[in-house]
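The data blocks that follow each hold one structure.
Two complexes are shown next, each including chain A; its partner changes from chain B in the first to chain C in the second.
Moving on, here comes the complex of A and B:
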């Protein structure tokens, strides 16, 4: 009972500012001239509401149509083009050359396979290391154990600060700080981020450090929606924190967890693993991901020469062909194992 | 419910309003009356060359033309300049021409061919051909703009018919620089008694060697004449004088590759280096057939004709081999010759500039640096920070390093001093939109002509810190405003003994593949494993064991050729064939 009252009494900072803001807008709405209530029919009112919703949704839908549908459609078309420079003029013609080139590079070459393997390693790291660790910290913060607020702030700080600033600080610490520390102990080492044999490990550490923020916020928010009564019943029944986590918390936040997993799948081929922030366009070959490779290729195509675009578009089409069915498959699997627990 | 509607509407309005934030660029506050003054509108791509050079020339023109009547009822001219980085380069700026009120564009990545084929850019033929004999061009000089343009640039920017759609603004280059003050204080000059086996350092001018050009009394006296002397010089300065020879950006280590291109240019000479971009040559000699593991030439190909189809054979040029050998030697001795931060990702390009400039105040003094020609302007904040201790831009003595020659045979003599060849790119260009208002046309022509007077080109050089590819001289008064580095760059690229090669051409093969022929990919990109390539020559050799490769000079050099001949699937088009097929109908 005491705990329940504590939960209900505890107003967060957001709650404190929400009330005056809400009151302000309410006052504003009461001062607006009220239309005389017309004797409108249900259909008339419904039409009015629909007009309002369509107006509100118009801009986002237009944005979606232009910047998602049109752009991606254009990319697919571009993948089936070849750049020709005839009589002093460059133009695109229909061709399957770039698709064939990507296929040949994939089947007979090693570069694309390595890029894919790096992308999958980063994803597996994210799934098997970052996600469980984020869940652990989220649960810790949710249970308000010791220093939970401190962890909440410190884990979120890298997300608040500009990613380039964080990358800069990390690079300086690792490539100069660690080198100096080793030198103090009499050991000369190559700057780790610049050492191809070690850079991969340090990149993984960096990803671990910067990935917490978003994950912890989402998971801990999902956990706080768990009704207190359910938790108290469990505590009354003598359920310990570990069992509570696996038997109650995880199943109850499963929708959030599965959403993250599915979104992670869609990002396998676009994930740059923060390589551009760390290395600009000279990341070590043994760490490059598919997404990074595409980005760097695109950046290096000079704006006076569009001939490089079809190949990059073809890489994108290939990635789409792989990731779309994979995403649906993973969603199907996750739906199958969904405990379907409701509050 | 009503409250939620109001809140939702308010948030939607804020979101919609935020889309207008990105509009427009930075404009100078309007201080003119368009009803009484002719207004010329300029769009400037605001980049590392700054904006002062345009602003100052524009002010001069406004003053010069203040009594001129270009449009009926109006007197004088106002130049309205918008500085921006959005949609102001490449195809993006050409796409905006139909809907913009700007008339003149200072931009980048707009090739003459792009400008011409867009159909929206004015032909500047008349303007660049005008001389002072033409009364309709009051600001034209005795020699036309076209005649004052460097020949190599003219071949690219001006068609045979005399038409030109863009004009080059500056010359871009990557070089090696040195600190002349450090040379003096540590007496690092090479004595005339030095050989390719032993280098003696001196500080006495009378003891300086003749330098790479082989002629005494020139700017390069006291510098290593050959690569062999250069290596010994680096060792001597490090071991005897505790001076670190070289630093560069570890994060942008491709700058070293770009600078190595200057060694290729200097070895090959003007015509042979130009061939790398024209892909045309008859009875071309000196293409290396076989080398040993150390990069010594064992045999050459018979003279052959080079065309676009077999242009990949140019990767066998000996200058490329020599540059690779140079990089390998530098990498092998990196612990003595190169500052460790040059191999650290934590050293950005500005960090490297800072390391180099501030090394004067540390125990780790560094003599040489590699970066683009714009580096001094880019390091402005570091120079400003050193002003208080007489270390500002005008106080320091940075200069371009006279490049050593690859072999003793290339070093000049007193009677026949060796020439220096420098490869440059065109950095920024200007063009004029087609179909400008007829009433303003003369004003625009006058401005372009005025912009290209000798005096104003000198001013643009001084203000931007980078030379223009035209013949002009800088007065003593203006020289006093230039830093030592700025003047050294001008002196080098305008030197009598220097051949400047524009790294580009109007050949279809080049125009269809400008990405493949940029300095990332050409001509130092190698295939070192099945389908792994790299272009960071020096850092590649440095990272050898980490990359688990054992590539020597021969392997790297052959890999450059192999890269052009690579195809993932046997029988499918090679990289070069893919490039060549773009110009096949």
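Moving on, here comes the complex of A and C:
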């Protein structure tokens, strides 16, 4: 007789019914509907991917179609419309009046020509004075000369403070501070920003002060991407800082520089030269830019006045017609003189 | 790279000019703060010197007096500075959030999913950057009014929810350099695409998203022109300061010392953010990784 081990117990009543009960419930579970398995086939996964992609991309693409494509197309359409009251109801009807007005103003009038000339002066100042100056000082920051970190912070601070606050500070300094300093030296002067003969110069100085910092930060960031090994090879060969700047640094940051120049072309027509912060609607006539004029017109269009939109749209169409070929031309020129240096 | 640079003429000239620039900034800051601490009589007698009596109550007075009137003559109401600060926060936070998140999601979809629409999305970003279109402001305002988004903070959030711009390219570069192994491993383990996006991808680029959010927040906090155009009944703090200076019929026109106090109040949050996140502003935006 097989010896019973200590752990073997006598079968109880529950042990006897346990097997039939568990068999019964197992049979029942095989008859119940099963949870659907995830479709792990390639086609199923791809469908899931596409559903996810289109669900997330739908709204941003709709936004692009409405706020970019439709807005720009509508801008062209608005330029060829006029707001008229017909049977007591305001409607936009087809008309070339606004385009003709802009054209006549440009060809026979002086207003748009003056706006353009001021805009071009500000752009030329930015291109010929601010950009080269910023490049030199960016190089100084990049080479980590004395107090470069301190200057970097000082250059950065005006870019994060509101342009309105900087404008108020500058206006107070010029119109009160400079006047008071002149008075202490026995000379009475008119507040320069309010004096039409001097305001243009002081506006240029203001643009230099506020734009300079941002440009220096951008160019010095581009310079930091130059590999150290390239610079060290040059230094071993006895290249001085000036030669390094003109022969190495400038060619290596040329893509960044050319991008800023190209983007600046659009700025000819959009740059307000911070005039709105300095003067609100009342900037001196001899300093108004095209971008400032457009903004003032847009501000004046009230919630109930739709009649001003077509003229603003016509000005925008004219500006776009001029700036698009100009941008591509400048890009072509810059590509031609590109030293095409890679590292 | 810090090299032992010899003192040369170039460095001396640059240091001198940069020193003059820094001095100008200090002078502006000094004049602003000292003017904000003077009373009106002291300001007229002594515009550029130190205040003879320091008036800290100018700040409290500017805070209470900076009031903007909105609405038409029959429906006019006054907006006080604390409400303007609230509008500034709502406008800045909302617009910054959408401007940080929408380009991120679109860049992720474009970089990581092989769909024909990617070329269209990427091309549209490049086109918008390269092809200059000027003067669509009138059309945009017209559209905002037609859609009922004009004069609404929610409307400005919707207006801002565009994926166009350089930040799309920043995110795109980040996602392109991110290995697909992280996502593939999660999908093999049964995670859904949304789970992968929220639990794996977003944490990997959260530094970039946060940096973009901070930069956009500052830009929107300082922006007075867009709220001036699109939020006439919800003036932000910057708009309030602007209107107090240039609208003589405002309910609360500030004197120069009050205006300077208002400028200081407007700058304080930005300077705090700058001090807290200086590394983000002065450093580079990079991508993280998963440990182990």
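Note that in this section the second predicted complex is superposed on the first by the 280 of 343 C-alpha atoms of A that agree within 3 Å, B and C clash if a C-alpha of one lies under 4 Å from a C-alpha of the other, contacts with A are read in each partner's own complex, and residues count from 1 in each chain.
Assume a contact is a pair of C-beta atoms (placed from the backbone, for glycine too) under 8 Å apart; a residue touches a chain by one contact, two chains touch by 3 or more.
Everything numeric here is computed off the predicted structure, so don't read it as measured data.
A.B. asks: Given the alignment on chain A, is it a clash or a fit between chain B and chain C?
C.D. replies: Aligned through their shared chain, the two binders clash on chain A.
A.B. asks: Can A:278 be said to touch chain B (first), chain C (second), both, or neither?
C.D. replies: first
A.B. asks: Contacts for A:108 in the overlay, against chain B (first) and chain C (second): which applies, first, second, both or neither?
C.D. replies: Touch status of A:108: first partner only.
A.B. asks: Which of the two partners, first being chain B and second being chain C, lies in contact with A:187: first, second, both, or neither?
C.D. replies: Neither chain B nor chain C is touched by A:187.
A.B. asks: If you stack the two complexes on chain A, which partner ends up touching A:32: first (chain B), second (chain C), both, or neither?
C.D. replies: Once the two structures are laid over each other on A, A:32 reaches chain B alone.
A.B. asks: Counting residues of chain A touched by each partner, does chain B or chain C come out ahead?
C.D. replies: C
A.B. asks: For A:89, is the partner it touches chain B (first), chain C (second), both, or none of the two (neither)?
C.D. replies: After superposing on A, A:89 lies in contact with chain B but is clear of chain C.
A.B. asks: Could you say whether A:56 touches chain B, chain C, both of them, or neither, answering first, second, both or neither?
C.D. replies: The answer is both, since A:56 touches chain B and chain C.
A.B. asks: For A:196, is the partner it touches chain B (first), chain C (second), both, or none of the two (neither)?
C.D. replies: First partner only, chain B.
A.B. asks: For A:315, using the defined touch cut-off, is the partner it touches chain B, chain C, both, or neither? Pick first, second, both or neither.
C.D. replies: Only chain C is touched by A:315; chain B is not.
A.B. asks: For A:70 in the superposed arrangement: first (chain B), second (chain C), both or neither?
C.D. replies: second
A.B. asks: Residues of chain A that sit at the chain B interface in one complex and at the chain C interface in the other, please.
C.D. replies: Dual-contact residues (chain A): 52, 56, 59, 172, 176, 280, 301, 303, 306, 308.
A.B. asks: Provide the residue numbers of chain C that touch chain A in the complex, in ascending order.
C.D. replies: 1-3, 5, 8, 10-11, 14-15, 17-19, 21-22, 24-25, 27-29, 31-32, 35, 47-48, 102, 105-106, 109, 113, 115, 117, 121, 124, 128, 130-143, 145, 150-151, 158-159, 161-164, 187, 190, 192-194, 218, 221-225, 228-229, 232, 238, 241-242, 245-246, 256, 259-260, 263, 266-267, 270, 274, 281-282, 284
A.B. asks: Residues of chain B touching chain A in their complex?
C.D. replies: Interface residues on chain B, with respect to chain A: 2-3, 5-10, 12, 15-16, 89-92, 109-111, 113-114, 116-117, 250-254, 340-341, 343-346, 508, 511-515, 518, 520, 529-532, 534, 536, 543, 546-547, 567-570, 572, 578, 582-585.
A.B. asks: Can you list the chain A residues touching chain C in their complex?
C.D. replies: Within the complex, chain A contacts chain C at residues 38, 45, 48-50, 52-53, 56-57, 59-61, 63-64, 66-68, 70-72, 74-75, 78, 133, 136-137, 139-140, 143-147, 150-158, 160-166, 168-170, 172-173, 176-177, 180-181, 209, 212, 221, 228, 231, 235, 241-242, 262, 265-266, 269-270, 276-277, 280-281, 294-295, 298-299, 301, 303, 306, 308-310, 312-313, 315-317, 319-320, 323-324, 327.
A.B. asks: Along chain A, where are the residues that touch chain B in the complex?
C.D. replies: Where chain A meets chain B, its residues are 22, 25-26, 28-29, 32, 52, 56, 59, 82-86, 88-90, 97, 100-101, 104-105, 107-111, 171-172, 174-176, 179, 190-191, 193-197, 278-280, 282, 285-286, 300-308.
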